[in-house]
Amino acid sequence: MGITLKQAQAAVQAAHDKALQMGVKMNIAVVDSGANLVAFIRMDDAWLGSLDISIRKAKTARFFDMPTGDLGKASQPGGSLYNIEHSNGGLITFPGGIPLKNSEGQIFGAIGVSGSTVEDDHAVAEAGVRALQGQ
Amino acid sequence: MGITLKQAQAAVQAAHDKALQMGVKMNIAVVDSGANLVAFIRMDDAWLGSLDISIRKAKTARFFDMPTGDLGKASQPGGSLYNIEHSNGGLITFPGGIPLKNSEGQIFGAIGVSGSTVEDDHAVAEAGVRALQGQ
Amino acid sequence: MGITLKQAQAAVQAAHDKALQMGVKMNIAVVDSGANLVAFIRMDDAWLGSLDISIRKAKTARFFDMPTGDLGKASQPGGSLYNIEHSNGGLITFPGGIPLKNSEGQIFGAIGVSGSTVEDDHAVAEAGVRALQGQ
Amino acid sequence: MGITLKQAQAAVQAAHDKALQMGVKMNIAVVDSGANLVAFIRMDDAWLGSLDISIRKAKTARFFDMPTGDLGKASQPGGSLYNIEHSNGGLITFPGGIPLKNSEGQIFGAIGVSGSTVEDDHAVAEAGVRALQGQ
């Protein structure tokens, strides 16, 4: 089954709650299995440039079914996927994008978060991932 | 004051409620005064191609501070703004995008809706506009 | 000789003065003989979507060394240049863009204006053209 | 309050004066809080390729509310934001873009300068920043 709007909004809401708790201002995006946007929010005064980055992180995580940071390890100079960022109209390969799984453990979308350090971005994205576990 | 996420979400929610009531499946987008996305949802099974259209409608409505359908009247063959759609990376000039105003009557964003007939799209967008009146 | 920044600014200033006198809010762009931007201003509260249009009008006027409105007459359905707007990354072919000539009568750039009716846009652009006559 | 054209032109003029004094040929761009262009000039014989770079620097500085050079420190190979330049249609992350603040200390736009060494670009941009301090 594909991700529903209700599920996407639950992931966004959980990530939003986590961001408020951490005191960070985030852009939060969820895409479906086709890597197409399902839900998005930009928190007040969040970096404007993170709008695009959050969506690209979600797409990148679904494009390769792995956290964006994992892909980034291989895209460095000398790495096996050097400059893969040039594909797909522009990838973002640092942390903050994570695949989302349905109750059967199948990837059915991804969440992308941007607006703070990459560690914060990843932590907020993880809150979105957890919100869908067991659903 | 710029549009807040809370206000943008209130507009999206009201439009979503209206769409459910009408039995139509919509993509709903809200942009701020800089024409940058603040909130977005795609309802289950809504047309995938309407994702991009809903965002372009919201941007177009803010770009020219008028409902998208008004602009479309002037962009027809022989009209004074023929083929204006080629500007700004692609405009959408049929109904479904409407400016959003703050409590002082100033335009501070716009809503764009796509997924059904242009009449339905416009009606759903109007529900979003009404949700912010008096706030 | 190519258009100088001083000349481009004189054209922008004259157009700006004309817009203030007419009570309209304009985006005003001047490009050189290579169709590359030399000077640009956006008046307070001018339509945001006219930013891109004013630059495209200036480019279009220089691309074909004629007022944009003249090109638009031939780009209508059934016309000899039908949908020429698809070229060059997007042309604007309604009035508001006019070539600029140096003191020897040679075209050395163009001005593009957007923000009101096409008649107003053209009138403001003409003020920019006149500012360079005899210089 | 958003940046006014008068303020944007004051920043451009101050940067232009600085460039003349330093004997460098610059492209100078100012964007508003929505990262949309407000004013631009290209000095005579300035690098043509710096036209686009100056605008991207201004946008980048506003996108992340920091000097472009600061972002560039984190986007190097192995850095936490490696290849962030692929987002937002293309960022420029070396020095020359700086946020602009209003009299209350709030960021309400940015200036971007390109045409010489990045040290010169940054120095000229700083002259634009100083012109708005206390206004």
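To keep things simple, chains are lettered A, B, C and D as they appear, and every chain counts its residues starting from 1.
FYI, a contact is a pair of C-beta atoms (placed from the backbone, for glycine too) under 8 Å apart; a residue touches a chain by one contact, two chains touch by 3 or more.
Nothing here was measured: the structure is a model prediction, and the numbers come from that model.
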Item to check | Whole-Å gap between the CA centroids of subunit C and subunit D | outcome: 25
Checklist entry - So what's the Cα centroid distance for subunit A and subunit C, whole Å? => result 43
Item to check | Separation of subunit B from subunit D, taking each centre as the mean of its C-alpha atoms, in whole Å | outcome: 32
Checklist outcome for this item: By the touch definition above, subunit A meets two or more other chains at residues 48
Next on the checklist: Based on which chains touch which, is the overall arrangement a line, ring, star, complete graph, or other?
Outcome noted: other
Next on the checklist: Per the touch rule above, enumerate the chain pairs that touch, sorted by label.
Outcome noted: A-B, A-D, B-C, B-D, C-D
Item to check | subunit A contact footprint on subunit B (complex, rising order) | outcome: 4-5, 8-9, 34, 36-44, 48, 51
Next on the checklist: Quick check: in the complex, which residue numbers of subunit C touch subunit B?
Outcome noted: 47-50, 52-53, 56, 72, 75-77, 83, 85-86, 90-94, 117-118
Checklist entry - Tell me, which parts of subunit D touch subunit A in their complex? => result 34-35, 60, 62-65, 77-78, 80-84, 86-89, 91
Checklist outcome for this item: Note: in the complex, subunit B contacts subunit D through residues 32-36
